[in-house]
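Please read the structure below before turning to the comments.
In order of appearance the chains are A, B, C and D, and numbering begins at 1 in each one.
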Amino acid sequence: MADYLPHTDEEIAAMLAFLGLSHLDELFDSVPEALRLAGGLRFAEGAPEPDVLAHIEQLADANRARGDRLVCFAGGGAYDHEVPPVVRALAGRSEFVTSYTPYQPEVAQGVLQAVFEFQTMVARLAGLPVANASLYDGSNALVEAVNLGVAASGRRTVWVSTGVHPHWRAVLATFAAGTGHELIEIPLHEGQTVWPGDDGGPGGTPGVLVAGYPNYLGCLEDLGEARRRCDGYGAMLVATADPVAAGIVRSPGDWGADVVVGEGQPLGTGLGFGGPYLGLFACTMAQVRRLPGRLVGETVDTEGRRAYVTTLRAREQDIRREKATSNVCTNQTLMAVTAAIQLGWLGTAGLAEVALRCARGTRYLREALLELDGVSPLTGNSPVVREFALRCAVPAPVVIERMADQGFLAGLALSDLIGGDDDGSVSPDDASHGLLVAVTERRTRAELDAYVAALDKAVRG
Amino acid sequence: MADYLPHTDEEIAAMLAFLGLSHLDELFDSVPEALRLAGGLRFAEGAPEPDVLAHIEQLADANRARGDRLVCFAGGGAYDHEVPPVVRALAGRSEFVTSYTPYQPEVAQGVLQAVFEFQTMVARLAGLPVANASLYDGSNALVEAVNLGVAASGRRTVWVSTGVHPHWRAVLATFAAGTGHELIEIPLHEGQTVWPGDDGGPGGTPGVLVAGYPNYLGCLEDLGEARRRCDGYGAMLVATADPVAAGIVRSPGDWGADVVVGEGQPLGTGLGFGGPYLGLFACTMAQVRRLPGRLVGETVDTEGRRAYVTTLRAREQDIRREKATSNVCTNQTLMAVTAAIQLGWLGTAGLAEVALRCARGTRYLREALLELDGVSPLTGNSPVVREFALRCAVPAPVVIERMADQGFLAGLALSDLIGGDDDGSVSPDDASHGLLVAVTERRTRAELDAYVAALDKAVRG
Amino acid sequence: MTSETDAKQIADAAPRPAAGGRAASAPLLGRATEPTIFELSQPGRRSVQLLTTGVPEWPVDELVPVEHRRDVPVRLAEVSERDLVGHFTRLSHRQFSVDLGAYPLGSCTMKYNPKICDAVAVLPGLAAVHPGAPASLTQGWLSLLVELEEVLCAITGMAAATLQPAAGAAGELTGLLLMRAFHAANGEQRHRVIIPDSAHGTNPASVTLGGYEVTTVPSDERGCVDMGALREVLDTDVAGIMLTNPNTLGLFEEEIAEIAAAVHEVGGLLYYDGANLNAILGVVRPGDMGFDIVHMNLHKTFATPHGGGGPGAGPVAVSERLVDFLPGPRPVRRLGGVSEGNTFSPSEFAWVEPSRSIGRVHSWHGNALVLARALTYILVHGSDGLQRVAERAVLNANWLRVRLAGVFDVPFDRPCMHEVVLSASTLRKEHSVKALDVAKRLLEEGFHSPTVYFPLIVDEALMIEPTETESLQTLEALADALEAIVVEARSGDQSAWAAPRTTPVSRIDEARAARTLVATFDARR
Amino acid sequence: MTSETDAKQIADAAPRPAAGGRAASAPLLGRATEPTIFELSQPGRRSVQLLTTGVPEWPVDELVPVEHRRDVPVRLAEVSERDLVGHFTRLSHRQFSVDLGAYPLGSCTMKYNPKICDAVAVLPGLAAVHPGAPASLTQGWLSLLVELEEVLCAITGMAAATLQPAAGAAGELTGLLLMRAFHAANGEQRHRVIIPDSAHGTNPASVTLGGYEVTTVPSDERGCVDMGALREVLDTDVAGIMLTNPNTLGLFEEEIAEIAAAVHEVGGLLYYDGANLNAILGVVRPGDMGFDIVHMNLHKTFATPHGGGGPGAGPVAVSERLVDFLPGPRPVRRLGGVSEGNTFSPSEFAWVEPSRSIGRVHSWHGNALVLARALTYILVHGSDGLQRVAERAVLNANWLRVRLAGVFDVPFDRPCMHEVVLSASTLRKEHSVKALDVAKRLLEEGFHSPTVYFPLIVDEALMIEPTETESLQTLEALADALEAIVVEARSGDQSAWAAPRTTPVSRIDEARAARTLVATFDARR
């Protein structure tokens, strides 16, 4: 019997007696007999914690791709950045971890203030005046952004650059089945979106344009061009952005984006096999009443002291129900708190330094790899700052397997990301041979040099 | 430049100006020039945290005896007991970790109450009415106990059973050089102390008798015999005890010990290469004013609320100075708090269960090993409950090396513990071939069986 | 470190706060306001320390073309590690949590979150794995996900599940899209989804996002779906119905079999909102009640911590006929692949795309570390332990119900399941003390408040879910505290209006926050 | 689990508390008392979960002979894991700590404790190593200890060190035994050790335990050892002198070279109490000042956390002529053994017994994980960083000294080192507000109090050591708070007498605790 239940047999008896019952079963008298599960659940009985821990540790051991075994060069929205002990310690404080949504602000100032600080930091990163308290992940933040854009523009046609992460586009498409948005994917050429001619594109005048900055192939695109289109169409510009690259590149807000969304994982959250991550969302003040999810605002208590509370609640599902701007309830607050702590640790200079170091590693590795036989560029001369795509002489999945045997998680195969289809972001051949490589500030020159040597072997025949 | 200093250059300049100084060096004007260290300290400059962590991780990696590589059967006062995540989490709370000695009780109720609870638990374990708030480790607790015993009896002759842990006896001897106590070591026969005949022993009438329960060879001795001697001599009985074995064996207090000391490591503190551990100390009420170190007592605040504070402070060095009962100041409070949490987790049944499981594993393994050729008993039929000594056909250090190659930390070589001398606890030949083996509740039957098979190989030729 | 020069240049160009850095200590247990991190900031101060890498130190202008280069750095707080720690530790002391005391929020299942799950979530073999690594390198994770899917299906009585949705609401929307895909595959286009008036707000919100219209059915006087009213709105335009059972009143929908039959009869599907699954673990399964789609809130039923509002996880399990529509890719155990002990052949587990998948609903595979926590919780309890969980949860709720019956109004006075909905209606009418006042006053007694004003159909609702991990003694203390508040109010003492007073801040002006929106530190000026 | 039957039988025999288990929640930031864990206990409740081992389940009476068998189990609290967590988490909320705010306790060096050191202390390769494993299996640990010894010697200017002593006082006693062994080896039996009247209480206590008599020398009007008085007590019966420099007044003993010469002249040794080493890191070394024996408090200077009163670590470094007397065994780097990168040959490091060792002073090798933390701290700072530590520590203390000069009396009004000793003497005389009242009143402002009434030679002493990790802004806030308290007192407001009031408990009756000693829960009845 392994559990966390406090009840002793005597207490159960006393409580039943208090209820006038003689057996625990009677508590479920309202459940029709015919529906009752006879013989209990059909899986193993409970096991003590140490047994279970041993089992899970064995599963963990079976992951060859763990960071202590393979040096990580994979990115695609999830990066192996430094998360120092101090951030882990603070973000792990049980008051943050085991609290609920701040329904009673008087006893939730800790989370509320941390989120208020988070919102400020995200707004500054995005170059926009307001940010929310988090969404599930980058893709879901994008879905919400498009919903907002459609609502704001009043038009359901959405032009989505194929530079947007393929998984995010997939999620957009999934949810568009419900909202009925018409998604038009716009192809890339050498890593840059080729927006349709000024005569307009397919599907009529777009209400929303979506572009990546950097895009999923790591390239910085000319967002000014997208902005000009939006101005022409009266459309909303949604940009997906990377919060670390933002340390040295212009804010999408600065380029004129109306909504900026991003994957917040690089801000203090580990790789964690893809979750829990953190959807970043910032927008213009004009759209604040369409903002999805939770928003913390500053106010005062009865004694005039500064205090924080969730606000503009009339947007939310628990008040507006079917008319809410979004259905989100539980979100990723703990990751938002973590991001605030990580950004507090980084500070102004630290964020810039991390971005710069990523850019240096990216430059160093890319240049060295392009010297190799069997490796060629995939996105022309498009500028890259934290990640880049290469064409290998052998299919990328093969390269990845071979590199694993040499101690590296070499990157992501474009074919895996795209899911095999010809999605317009790269040619089908580039898709099958394309490898997406990310270099963070944690990669040493020795590791980069060893990677080059290993890839040299891996791309042969 | 790696450090944790907040000072900006501007602030340093402003602070110096406020002091009327122009350079930081001038702060040290009172240090005679001739003594000043020219050219700074002579070792490496600072390195960022991740560099240092990588270095320390490599050192950690070089320890073959780490628990995740060698299954631990070593004991001798340090045992591989279960320390569950919940205990680690609570004991690691930074309020406990980063606070000081509770000099200001109004803001230190957390530590004070936890220590009060610890004292209660230790007193109950020992079977005595009062316990202190911890000493450095088992050996230092023993030193303090002997000091108390000498002060209480007024006689400096101390009979120390050689069943007391050899390291502890060594520490006793070291400090006796200062206090001038005369330590007389009393030999064992088959794991039982052979106290001198009633005509008295060497060195005149003893003021203190010290015995182990269980002793360092794992044997339970007849403490009643020691008590009778003490009554005869008017001497104090000091017993060393194991807090886990106490779960199923009689308390030394129950046998009539005046002071009970022990190594608290088994109570929630990991192996940690020997420290920080925890010296347990309990005594009779008659001796409370001779108690070494810190003691927490219950009292009230000005509003009559229950509160805790360090008490009987007049025993301590900061008040009594050269007349203090002990010089201890910084002790092992965090380990005491940890022990309170661990004992809270174990509970009445849990402590008994752990002790019982140790005894079962001990029985199972000992019986199986004694079937092997090349293995024989070393302590006759003396009862053992958590640890036992064997005589191997090959020297124990060789056995340990061979067992390491098979994945086990086989135990401790008696020769290592004793330090080579003929100390009277075992014969010189038993010392060189004696292996001390501990089995905790964490050892599975599969591990025990594998150990038997491995030892079977290891003791051959 | 010359490598910092560029970053420093950038930083130097940043506009400096006029006066920063003031104050870096705050009262223990005092009621002083903690400054924002921006106010603790002092230009030039830093905590960051990065690995020495030896990578060539190109300046930023050789790396980023000028048109893409940021000219003003992102202004962030500049604090020492010491101040960072002080700030967030003090903030944590201004935050209630399960670890500090009872948190009887109805519908939220704030049970104890076992610490072992925290240990699991930081295992390097789980936490330091990139989600894009191929299946051959992540067999352990795939195995874990498959194992979780299997036990979740056993618990709910369903055929298969997706683990992608990141929370309950995400699960709802996923479920509605499954519904849509199912009908579409049958060549049908239905427009309406039925939900009871007691439903949680995410249900109608999800229905809208799923492209359906909401049809609300009222509850009857027993607090259950009004069967007559239901039959009236049922027709072939109904895609399905969303129910939670026990419902948000904590009452079991006894006519669930009839409801299922009626909905199925018109070709609709039944969606189970799993927020209240805790009440029925091992007692009755949604699949056996006739549900086609079930979401679970792992952060409720399976004790993964709520994190101040998230992360959660909202797996969706479905019956056989919906399996092919599940989001992809799904982790599956390959036929024939057999693991020996805990060694895996590199291809035993694989990702597959269901044949008629609605597509991805998450950037990767869902909130993986939350899933690992939930599996750990489930394995510790096992099939037997989960049933005890439900029994004790229901026992606790009923004990409180009977104990508090004379204290508050009990709108639906019959045995409840895992939570009980009371009402402060009489208290309000007779003594002008509202449910909100009771909630605020209870904070002073060291308990978190119950959920108030939900479900909407109960006037002055106080919804209490004690959960199974609170002891009888805690229930007694909670009940005593609530009773004392009512006695106080009845005696004419209006303390509750001014409550809470012993909390880090006193009652908060929520209206002002919305009126003069200050959602960032920069908006303060 | 049948294996529990016996344990349960034992447990059942335990006397049960008459009424236990009451209350298991406590106010957030409220001022309610937290019950003891014994009061939260309910017989039969449990948290423990142990590994399933498969070992045969012999009953206890087959394992323990009756005369050794416990007939009544050790009565411990019986709580659920949930209540265990609640209890100790709430207790932690009743505890001030460095992580919560400034802790300017003089002589204690309550600096920021970097979190990286916590990470180091839990590395399995360090934490899960048995201390009795042979050197061949623990080369990493031996290497770490040797590396630490080397940097400590570089910092102090000494030849070798023992890492065994578990705290400063243990180091002192070790040092005195070294002194004794040294003199004995020279065939001498000396009887007295000199300590200044400003010395910390552990110094005289250690002297007694070392078998010596204390001879106290007074301080002169500048707060330093009175040279004349010293010369008077010096003779060949003096084994040595114990000094801390800077001394406990925070003042540098400028005549240290003369003192050293005089003591050495009579054949005595100089012992350096390293509690104040933080002030002189990289500026001046005890070895260069003429000291023969030096203890360090790693929990002060090298930031290992104090843990509510411990653990600490008190390595003792000695000059060449004392090396052979050091406690053994000592970890050493074998001559000729060369490690390549970080791979070690199994015999590169070894344990050796110094030829004339005084013997062991610790059960094993000292507080090893504390030592690992200290090494980490030292390596991060490096030779350059440690010097900055000293500079900033001294800068901070002097800033406070000047800032507070008009507020309190400054008994020794000249530049101080890392701490400053003020006096509330005038305040007491004129306004009856004592140092203790100031200390208690300051708690209300969110700061820990300074050390009060130490050193003993200063009337109404307030000893402030800000440490280098507090910012100028914190110093300002602290000084403002202290000044406001004095202004308040001068204005006739006697709030300080009643202070503290905002803390978890108000001022405590210390006398009562000693009068009616209740040192265990069982003594309460």
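Basically, a contact is a pair of C-beta atoms (placed from the backbone, for glycine too) under 8 Å apart; a residue touches a chain by one contact, two chains touch by 3 or more.
These figures come from a predicted structure and were not determined experimentally.
Ranked by how far their CA centres sit from the centre of chain B, the chains are topped by A. Just to note, of A-D and B-D, the chains joined by more C-beta pairs in contact are B-D.
Chain C has its Cα centroid 45 Å from the Cα centroid of chain B. In whole angstrom, the spacing between the mean C-alpha positions of chain B and chain D is 18.
Counting only residues that touch two or more partner chains, chain A has 1-2, 4-6, 11, 47-50, 82, 84-86, 88-89, 94, 107, 442. Residue numbers of chain C whose C-beta contacts span two or more other chains: 28, 31, 42-43, 45, 47, 49-52, 79-83, 85, 89, 93-94, 96-97, 99-100, 112, 114-116, 118-119, 380, 443, 469-472, 503-504. On the side of chain C, the complex with chain D involves touching residues 21-32, 40, 42, 45, 49, 80-83, 85-86, 89-90, 93-94, 96-97, 99-102, 112, 114-115, 380, 443-447, 469-474, 476-478, 502-504. Interface residues of chain B, counted against chain A in their complex, comprise 49-50, 82, 84-85, 89, 94, 442. The part of chain B that touches chain C in the complex is made up of residues 1-2, 4-6, 8-11, 47-51, 54, 84-86, 88-89, 94, 107. The part of chain C that touches chain B in the complex is made up of residues 1, 28, 42-45, 47, 49-52, 79-83, 85, 89, 114-116, 118-119.
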